[in-house]
Amino acid sequence: MHVDEHVTVPLALGDAWDFVWQVDLLAGCVPGCTGVKMIEQGKHYTGRVADRVGPYRVEMDLDVTVQESTAPEMIRVLVSGQDRKMGTTQRMDLTVRLVELGPAQTRLDIGAEVEILGKIAALGQFVVKRKVTDVIKKFGENLRLACTEVKRVG
Amino acid sequence: METSTDSPATVQTMPLTVTVNGIVWNGEVAAEEVLLELLRERIGLTGTKRSCESQVCGACTVLVDGKPVSSCSFLAFEVGGRSVTTVEGLQSGDRLDPIQEAFIRHMGFQCGYCTPGQMMAAKGLLLANPDPTYDDVAEWLTGNTCRCGCYPAIARAVLDAAEVTRRA
Amino acid sequence: MARATEDAASPRDDAPRVDSWEKVTGTAAYVEDLPDPPGTVYAVPLESPYAHARIVSIDSSRARALPGVLGVLDRNNLHEFNLRLDALDPLDPDLLATDKVRFQGDLMAVVVANDLRTARHAVSLIDVDYEILPPLFTAEASLAPDAPILHDHLGTNAIFEDSFAWGDVDEGFAQADEIYEDVISSPTVFHHPMEPIGTGVVHWTDDGIEIWAPSNTPMRDAAGVARVFGIRPERVRLRVPTVGGGFGAKKVTREMIGALALSRRLRRPIKLVATAEQSFAVAVRHAIEFRSRTGVTRDGRIVALDVDLLVDCGAYFTGGRTATHNACIGAWGCYKLPNFRVRAQTAFTNKTPATPHRGTGKTQTVFSVECIIDRVAHRLGIDPVELRNRNVLRPGDRVADVWTVHGEVTPVNIPPLDVDIPTLMQQAVDMLGPTAPANGSSGGRVARGRGVALSLRHGSKGETESQAAAELATDGTVTISHNAADLGQGIYNMIGIVASRTLGVSQSQVRVEKPDTSNMLAFAGASAQRTTVEMGNAVHAACTNLKRQLIDLAAETRGGDPNDWRLEEGKLWRGSESFELAELVGAGGGVTLRATGADEETYPHDKAFGLFEHWAPGVAAAEVEVDLDTGEVRPLQYTVLADAGTVLHYNSARGQLEGGAVMGFGLALFEEMRYEEGQLQNADAFQYRLPLLRDMPPTMSTAIMESGEGPGPFGARGIAQTSIPCVAPAVANAIHAAIGAPISSTPITPEKVLRALGSLESQE
Amino acid sequence: MANLRPFRVLQPTTLAEATGALAQYGDQARIYAGGAELVLLMRHGLLEPDILVDIKRIPGLNAIRTTGDVVRIGPTVTHDQLEHDAGARKLLPLLAEAVATIGNIRVRNVGTLGGNLCFADPHADPATPLLVHDATLTLTRGESSRQLRLDEFLIGTYETAIEADEILAEIQVPPLPVGFGHAFLRIERYHRPTLNVAVAAIRDDGHVGAARLAIGCVGPKSVRLEDLETRIGGLTLADACRVIGEAKPELTELLDPVDDGLGSAAYKIHVACALLARGLTQALGPS
C-alpha cells in the first residue's frame, strides 16, 4: 500500500538535507526503531524495531539500504525486516523529497510503499492498513521534531 | 526468537471434576487444554468434531450446563463442577433424541462432519425456546456451518423435532 | 414424458440413508477419529508464508536438535530418501519446494516428532531465508510481457491453450443487427469441506505402504504413491474412512507423501492433523475471466457468440486441462447457436494450485453465459424467459453437426438433446410463489426482482473402468466392495439400493464396504457426476452376475432348470417353494459366491465431450430483494429443477439439488479468496465467508423430473452438479431485473450492487 | 488440535489481588474475562501470554444491578446474560438488542461486555450503543479507582485508556431519557460487524427534538457524532436525513476509513450515512 505524508521543518534546505542524509538519524525517526548502526556510510545501516499492532507484538531486525539519492533533493531508502517468530515480514520503500519553502523552511514530502506479509493477515487488512498509515504519520512527526531539535541546538 | 525456543511443556495442571453425558470424570487438565482436547483425546468422545478452531463453524459445539459453547476454544478447566453434553449424550440407551430422529427423517446431513455440532446447537435452541419459528432456527443455527448445504433439511428437521417434542 | 416429483411438505418416504445412525450418534469414524495405531508419531509441515519467493537457505538444525523430534525432510536431505520425484506429474506441485515457493502454503519441510505439540514447535524452529519475489495474482498479470516466469524450465506462464468452435462467427456477426461485448469474471474460491484437508495416517510396514486418508480418488492416489516410492501398486493399501466433504479437494496430499518418506526410515505409523488454515493451500477453484462478443438480431436470435477465456490455474497445472476444456465445451450454455467460437488461455499465478471443483469449469461459464443472455434481453427489451425460449436447444436438437476441437475438424458424436429445457424453465418460473409482502426488515428503500438461469451439463465417463464386486456370505448377507469414496453424497446408500433392487434382497441384507484399494477394483473417482451412472451400473452388473451364479447353484443343488428359479424378497424361489440364501449357500458346502461387474454401457466418444454418458439439465429461478440504500441482497425464493432419470433415493436426490444450490449461494454472494497487498488475505474461517442458514431464501423448492431415460441403473442420471451453476446467474439476473443494471462478477457484494446503482463514484 | 502455548492461570478472588498480579507480571499477564477474543488470538499465535488472570472467580463481577437511575454492569457479564436480563431489557433495550447480534450464540455464551470493551476490536458492537447511552466506566487498581467516560476510554484500534495494572471493574449505563426512541442497525459480512450505528432520538412536533448518533467499525473506534447531532436538532426528519447524507466528507475526515476486504472507504461512508438516516427514522417512529 502507498502512504504519503508531508511535514514542514524549520531548517534551510541544505541543513534539512544534512539531516536526512545522516541515514542513521533518518532511520531513527521510524517509530519504535532503536540502535541504528552504520554498516557502510551512505549505503547500509541496521537497527531494531519493536512495535505493537493492537495486541500483537512485532519485533524485527531492520535492514536499511540507500537505493538512490540526489543531494539536496531526494533520498530513497529500503527498510526491511522479518519477525521470524510471528512469521511477519515488512518492506518499506521510503522516499523523502525536500522542497525549499524559504530561507529556514523546508517541506519534506514523504512517500512510502509499504508491504506487510505473514501471519498478521489473521488480524485483518483493516488493522494492518490503519497501523501502517499511523506509522508513517508518526514517522513524519518524529522527523519534524528531530529537525526542530537540530535547529534548537544548532 | 526468545519465546519460540522455549519449550512447549505444560507449566500448570489443575484438578478437574466434571459430569460428561451424566458420568462423572475426575482428572488433571493442563491449563492450556481446551474442552475439545479433553473430550476427544482424554475421554475418547470423538463425536465432537474439530474444524475451524475459531468459534465460527460450530462443528465442535457441545452444551455446558445446557448452553452451546465452542469446545475448540473453551478452556477445559472452566467446566469444573459443571455438566457437559456431547452428541454421544443425546440419546438415552438405544432411544434417539427427537432431534436425532428428525435429522434422519429429513436427512439433515450428508457428509455428517458438522452434524453433531448442528444437533447440539439445535438441542440448545429447543432447551431455550421449545417453540421456535423458522427465523429463530435460522438465527440460532447461523453459527453452524454445513458445507454440503443441508440447511433447508436441517431447518425442516429442527422445526419437526420441536413439534414432536412439544406433542410428547 | 417426464414425471415430476414435486417438492412435498413431507418427503417421499425413503428408507433412512444407510449411514444415518452412525452420523446422528457421532459414531461415524472420520480419519481423525480412528484410534492411533500403536507407536503412532506425528508429522507437521512447514509451509511458505509467502506467495512467491526464492529460497535462499533453509536450516532445520534447531528443529532436529529439539528433544522428541524424530526426523525432518527438507530440500537439503531430500536426495537421501531415493524418491522417484520424476514420477510425479511434472505439472503437479513438486514434493517439496526446492528452488522457489510459488504459492502461500507451498511445502517447505515435514517434521516428525513423538507428539503433535513437539512437531508443531519444531516447525517454528526451522530457519528459512526467503528472497521475496513479486507475486502474480491474475492470469492477466502473469501473461504480461514483463511478468516474472514462475516455472523457469517452461519459459512461459502460458501453460495451456484450448479452442472449440462451429459455424463461422464472422459470418454470424455479419448477419447480426447488434453486437454486444461483455466481460464477466469468476474469482478463485475454496472448496472448504468441513473436515480439514490433509489429515491422515501413513505407515511404511514390511508388507508395504498403509494409508488411511479421505480421498476422492483412492485408486489413482495409491498408484501415484507407488510410483513415487518405486514399488508395485498392490503394495500400497489406501483405506478411506468416513469423509467429511470433498467437492473435488480430498486427496492424498504431498505432506502425506513426505511423511511416508520419513515413515520408511522410522517404520512407525505417522499421523498428520491438518488445520482449517492449511486446507486453503491444498485446492481451489480456477478463476476465469469470460470475454465475449454476442451477435443478435432485433427479434432476439443469437447468431454468433465469440468467447475468449482467461483461466487462472494457480501455481501448478493440477486438473487444469479438464477445467479449461470443460469451460470451453460449456461456454455456449444450452443454446442453439449457428456460429460459436471459444478460445481459452490458461496461465500460472502465485495462488493455490486449482483443482476440480464441483462443476469444474461450469460454475464460471454458466454464470457468464446466463448473465449475458439477460443483458441481451434488457438491451433488446425482450423478456429474458422469452429470449431463452427463442434460442434454447429443444428436445431432438443437435448442438451442431460438425465442429472444430483444438483445431481439428471432427463430426459431432454426441446425441441430440433428450431433455425438455423450456418446460423445465417454465415450471421453475411457475413454482415461484406470489411475491411475499415487502417486510420492513430493512426499513429502507427496497427493490424486488426475479431471474432465471439454465445450465446444461453432461455426464462423462472416466478414462478408467468402473468396477464393483458382490459377495454372498454363508450367512446370506451380500457384501459390495468398490473404490467409490462417499464424500457425503450418499454413494454407499445408492450402491446398497442398486444391489438390493438388482438381487431382490432387502437393503438390510446388503453390506457396502468403504473403499480399500487392496481390492484392486478400478474407479476413476466421484466426479463429473458419474458415480450413480457408472458405479451404479458396475454394482448392477456384479449383482446380476452374482444372481446368475446363485440360481445356477440352486439348480445344481436343488435340481430343476435355472429358468425355473427366481430371486425375490431375499429368497430363492422355485414355483411356490422358497429357500433362504444362507440355507442354499450353506448346503453348497459353505461356499461363498463372489462376482465382479463393470459398467459395460457403451458411450459414444466425441472429440470434444469424450465418452458421453447423458445430458444433465439444471434450471433455477430466484427472487431477491435489494436494499437500495445499502446494496444488501436478500434472497426471498429459489426454485431448482433437474432430471434424475429415475430417482433412486428421494432425500439424497433432493439433498444434492439443495446442497448444490446452497453452495451456489456462497459463490453468488460471498466466496472469494482475496489476494491483495502481496498475499492471500482471508485464509481463515473468520475471513473466508461460507453461506450460512440465515443467508438462504426461506422458501427453497425443488422439483426432480424422472424422464426414466438415463444410462444408469434403472434409468438414473447424475444430478450432483446441475444445481450449483445456476444460482449465481439466477441471483445476478434477479438483481439486474430489480435495479436495472447488470452485475459483472461474483461474489455479488453490496458494494458492487451500489456501484451498479451508481450510488458510489466509480472505481476499480 | 488447538495446542495453545502453555500458560499459568491465576484465579484471584478480589480485585486487589487481580490488579496486584497485573502489576507483578506486567506484559506477560492477560486478563481472562470470557476468552472469546483472547483464546482466538492465542490459537492464531498472535498472543502468547504466560499468565491468564481469571477474574471470573471474583464475587459480584458478573452482576447486573440497578441503583438509582443507572444500570451497573459487571465486566464478566456475558452478552447472552445481558440480552436476557429483565432489568437490562426494560431499561436498556438498545444495548440488549445490540449484544444479541454479536457473533453467534456460542460466542455470546462466553464473551463478556468487559472483555469486549477492553479488547477494543474496531469491529465490535457494544461500544456503539453504549456511547449513545453516555456510558461511564470504573477502572480500578484495587485500592484506587478512577471514573472515565466511554469516549475517553476508547482510544483506537485495540487501544484503550486502561493502564497495564488496571482492571475494568464496572460499566455504568444510564437509560435513555424518557420519550427517546432508539435504533441499532448493523451490516455484517464476515463474523464481525462491517459497520454499525446506534441512534436515540425524540420527536418534537414533527421535528427532531434531540438526537444521539454513534457509528462503529468505520474508523478505528466507535464514535459519537456530536456536531451532526446538534445540526439535525430542530430539523424535520426529511431535512435531518438530507443533512446526514451531506455529511459524508466530514465523516470521512472524522473516521478516516480505509479500503479493505469489507469494502472501500467510500462504500463504508455511504452505508454509514444510509443507516444513520434509517436509524433516525426508526428511532423517531411514526409521526
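In order of appearance the chains are A, B, C and D, and numbering begins at 1 in each one.
Here is the rule we use: a contact is a pair of C-beta atoms (placed from the backbone, for glycine too) under 8 Å apart; a residue touches a chain by one contact, two chains touch by 3 or more.
These numbers were taken from a predicted model, which means no experiment stands behind them.
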| item | value |
| --- | --- |
| Far-end chain from subunit B, centres as C-alpha averages | A |
| Of A-D and A-C, pair with higher C-beta contact tally | A-D |
| Where subunit A and subunit B are represented by their mean Cα positions, the distance between them in whole Å | 50 |
| Chain centre separation in whole Å, for subunit D relative to subunit A (CA means) | 34 |
| Geometric centre distance via CA averages, subunit C-subunit B, whole Å | 29 |
| Junction residues of subunit B, two or more chains touched | 3-4, 8, 40, 50, 53-54, 56, 142 |
| Two or more partner chains touched - positions in subunit A | 84-85, 119, 122, 124-125 |
| For subunit C, residues that touch 2 or more chains besides their own | 117, 120, 124, 676, 681-682, 684, 686-687 |
| In the complex with subunit C, residue positions of subunit D that touch it | 1, 3, 44, 187, 189-192, 261, 263-264, 266-267, 270-271, 274-275, 277-278, 281-282 |
| Subunit C - residues contacting subunit A, complex | 49-50, 124, 127, 130, 132, 676-684, 686-687 |
| Contacting residues of subunit B [partner subunit C, same complex] | 4-5, 7-8, 40, 45-54, 56-57, 59, 86-88, 90-91, 96, 100, 103-107, 109-116, 119, 134-135, 137-139, 141-142, 144-155 |
| Residue ranges of subunit D in contact with subunit B within the complex | 1-9, 35-36, 39-40, 43-44, 48, 52, 80, 103-107, 109-110, 191 |
| Footprint of subunit C on subunit A - complex, ascending | 1, 84-85, 87, 89, 91, 115-119, 121-122, 124-125, 128 |
